[in-house]
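Going in written order, the chains are labelled A, B, C and D, and every chain counts its residues from 1.
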Amino acid sequence: MNLTTNLGKLKLKNPVMTASGTFGYGKEYSEFIDLNNLGAIVVKGISLKPMKGNPDPRICETPCGMLNAIGLQNAGLKEFIKQQLPYLRNFNTKIIVNILGTSINEYIELAENLEAAGVDAIELNVSCPNVKKGGIVFGTDIKIFEELIRDVRRRTRLPLITKLSPNTADIKLFAKAAEDAGSDIISLINTITGMSINIKTRRSRLANITGGLSGPAIRPVAVRMVWECFKTVKVPIIGMGGIISAEDAIEFILAGASAVAVGTANFVNPIATLDILEGIKSFMSGNNIKSLKELTGTVKC
Amino acid sequence: MSRLFKASVIENRQVIKNHFLLTLHPLDNIGKPRPGNFFMISVDNCLDPLLKRPFSIHRWLGRDFQILYRVAGKGTSILSNRKPGDTLEIIGPLGNAFPSLRSNNKIIMVAGGLGIAPILGLAETINKYRPLCFYGARTHEELLCIDELISLGIEPVISTDDGSLGEKGNIVDVLKKYLSSQLPPPPRFCLYACGPGPMLIALSDLAKTFNLKGYIALEQNMACGLGTCLGCVVNTTDGYKRVCREGPVFPINEVIWE
Amino acid sequence: MNLTTNLGKLKLKNPVMTASGTFGYGKEYSEFIDLNNLGAIVVKGISLKPMKGNPDPRICETPCGMLNAIGLQNAGLKEFIKQQLPYLRNFNTKIIVNILGTSINEYIELAENLEAAGVDAIELNVSCPNVKKGGIVFGTDIKIFEELIRDVRRRTRLPLITKLSPNTADIKLFAKAAEDAGSDIISLINTITGMSINIKTRRSRLANITGGLSGPAIRPVAVRMVWECFKTVKVPIIGMGGIISAEDAIEFILAGASAVAVGTANFVNPIATLDILEGIKSFMSGNNIKSLKELTGTVKC
Amino acid sequence: MSRLFKASVIENRQVIKNHFLLTLHPLDNIGKPRPGNFFMISVDNCLDPLLKRPFSIHRWLGRDFQILYRVAGKGTSILSNRKPGDTLEIIGPLGNAFPSLRSNNKIIMVAGGLGIAPILGLAETINKYRPLCFYGARTHEELLCIDELISLGIEPVISTDDGSLGEKGNIVDVLKKYLSSQLPPPPRFCLYACGPGPMLIALSDLAKTFNLKGYIALEQNMACGLGTCLGCVVNTTDGYKRVCREGPVFPINEVIWE
């Protein structure tokens, strides 16, 4: 059985990675799983300067899902390279850094510095719905979106992943634009904007009012979008959104994903990633599948 | 020894209306929890509720341990239906603990309502230092663990909102009266507290007024309990801090109440 | 306590109505609840000609939700007026007809005939994602969307409700367009397009491949959209999407809904509508609220 | 009398691996179900699983009734954990029933696998007409209710895929052999069948070949069970029909298999 997953020039030992923002910088989970066994670790979004994030409360549970409005709290690029990256480098897995900026130049500076620091790939977070000054404008205005990708593309040789927002009428347009602008890989979906109100206090359950919906609740939307993008672009797809079990992961692969990212499930079950990897392996052996390439996008329609 | 373990329900007993005492038997070796630590507990195997729920260690029985909880919503309601023999998936012990006593300190424990859950466990480890205990609830029925406190040699000062037992009124006012009677209060007094938000806010003011040190156990919505989601922060003089990681116990003067 | 709900000129005895397509034409539910107690019955979408709908399977369950691709099966306008409307007229409740067409003229013909037949209001279904020839084009192209509403508006005096699709980047634009074009009321949300794959058969669980996601899973998205629209338009809003309990209904009201529609919950619990109405009443009396107008849109932000 | 009722679990007994026999005691008066009818059952109170699940009436015990089910997925897995004393919310009886016998007919009951669930209930009401019964399963362990059939005076013709009991092979082939031996088969033969899709398709062909009448109970994903969602349709010579309303029992020659 061959689990190697080639996302263009980014080669993973297996298709299971973590979703940005749901795995910290890996350290906390090393207590529960051997990080060497992950296909890749995608770390929490990094900005040039430290960001303090949104006021609390930042999360709440919803039916089969959760809302979050963390507000991209992070210690900033320098701190990441100094404090987190060296630790992550102890493991034999790919390190992918999710980046966000308020201008194209910030994204470029992040990419250049991370390339110099030796990370394995960059994921452009253009779709976080929580921070007004954050990436959201890049994620919804397709012209700026293309320009951003094109400009970052020119300045780094790292594999470039563009993470797509589901908060759009037609995600195919963004997938195509990302491909045309030189993105090597696309990842989807980020969270769907939602809101939940505490009827006792008559306030939003989040200080930020709205937040991003993740978890199993959004899986049907995510699978549909992966399938739409698979039919539209040739670049490989990292599928995510509500993956809890190996069955869910395989659903994404059949819909067109070459690799999968596990997000909210890490909170529910800290060993979710490796449970899912094991489940994929037994599905493959049970169905005599030699390589996941045989499965990607093969849903019969 | 792993902090991800399964435990079987030994007993899940209603103590008063809506309040349950859950005794769990870990099926693996677990670390000994310290007072203030908490566990993330899966109340069910299905996807709704999705996230584990945080509960303070109430009592450590050597290998088994207890949780004292109130039915607050969906998750705790399902938990209250768990039966002996059921197996729950748990992460923990998590978070920091009430700090160990400095020799010259006199601890005043303050519990409001179900805030007694971690405070009793604390009392069990520090009763030899003869701490004081102030304990308030809405009504005398909701005063739990009084016998346990007494058997630890701790005679709590009590108040109830309705005056049905102890002084009528809230426990912070009672404490204030006590402290005023001690004027100037010995600076070695140190508060260890757990209770609802309004109580903790009043207690902060009190600590400021009397220039007391203190530690309070906070609650916040949690997803991971491990410090990765950054969902459970509270605002402090040192920026946002994670209740699950830097907390749940914080120095009382560091917390910024909005 | 005053439960009367004025949606412009459409006056309901209470704010609880049924969501189109989830209550048939009322008859099946009359066994379980007294239809006289409903604020309004919104019937399954009606087209000019009978439509046979999509092949099976048409539905499947997803985490806290379901996908459907019924394909707008209905017996057509004539049959509705002859067979269903007389029965519905036995009850002291408002009858609202959800209509869909493949051209503006069809919508107009439907509206004119239904006005003549004496229904109480019309809901324009411009947002059903399942039928290629159905309303979807009206729901995503804002110019055609406005034109449709404007033209139907000119030809009927019935209160006009426009039902908005959540499959858009910015629902506020459609809410505003609907208001400007003369819609008296807007209702939202319709289902979110999703997909679910059976990994054993490697087929979609729906013959139509994709379907519309409904149920509690989508509630945070729906509440957010109602709140966005409330801040954007003055016309009253009918809120829906995952309402299962009175608490959920009140969440929508706080977010800005003047009335609520119960959909998928009818399948789970055939007396859901009246359970919700009772729950709203006890919330009102418990909180000393005289009229729901005091609540609509009052979430503190 | 209402078709929306609660019932308490009397027994929920595993009969063989993954198969359970559930005995329910309705807490309200309910209508007497006819063979072929089904119930929509809430397996839990939480939102996942969300929808009720359809199950055929297996046996009617006067007031209590039984469901025979297989653990197929999330919902049935949760159902299998329900304990005596638990209360379930149920809608039913729903759907049509196997039509009553015309006097000159000779019924051949055909059951594949768990298709025996409604067929046994049918057998109990028509055994006086001495129907024939053809019953196939994958292996002898999965042949349920044989004793019950025999005690009704019905000696089933049996087949198993692995040949562990009865003829080796599928039951439709066995029936075909039987019918061929009866050539020309009496036109008064009428099939009453329930089983997996492939079996029903083969049976349809057989019915066509031998020009037999027949009725088959179908399954389809369901949301409402009441005829309102239009989700449960199957294609027939007369257009899409709702399994929950016009069915679950359809004339065998009306169903169009894709």
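In this section, a residue touches a chain if its C-beta (ideal position, glycine included) is under 8 Å from a C-beta of that chain, and two chains touch if they have at least 3 such contacts.
Predicted, not measured: the structure shown is a model, and the values here were computed from it.
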| Which chain's C-alpha centroid is most distant from that of chain A? | D
| Approximately how many whole Å separate the CA-defined centres of chain A and chain C? | 34
| remark: Rounded to the nearest Å, the gap between Cα centres of chain B and chain C is 46
| remark: Chain centres from averaged Cα atoms put chain A and chain B apart, in whole Å, by 36
| request: Any chance you could list the residues of chain A touching two or more other chains? | output: 63-65, 215-216
| note | Residues of chain B that touch at least two other chains are 47-49
| request: For this assembly, give the contact graph shape among line, ring, star, complete and other. | output: complete
| note | Note: in the complex, chain C contacts chain B through residues 63-64
| message | Under the definition above, what is the set of chain C residues touching chain D in their complex? | response | 21-24, 28-29, 31-32, 44, 52-53, 55-61, 63-66, 68, 70, 73, 205, 215-216, 244, 264, 266-271
| note | In the complex, the residues of chain D that touch chain A are 47-48
| List of chain D residues in touch with chain B within their complex | 44, 46-49, 74, 78
| message | Under the definition above, what is the set of chain B residues touching chain A in their complex? | response | 2-4, 42, 47-52, 89, 91, 220-235, 239-240, 258
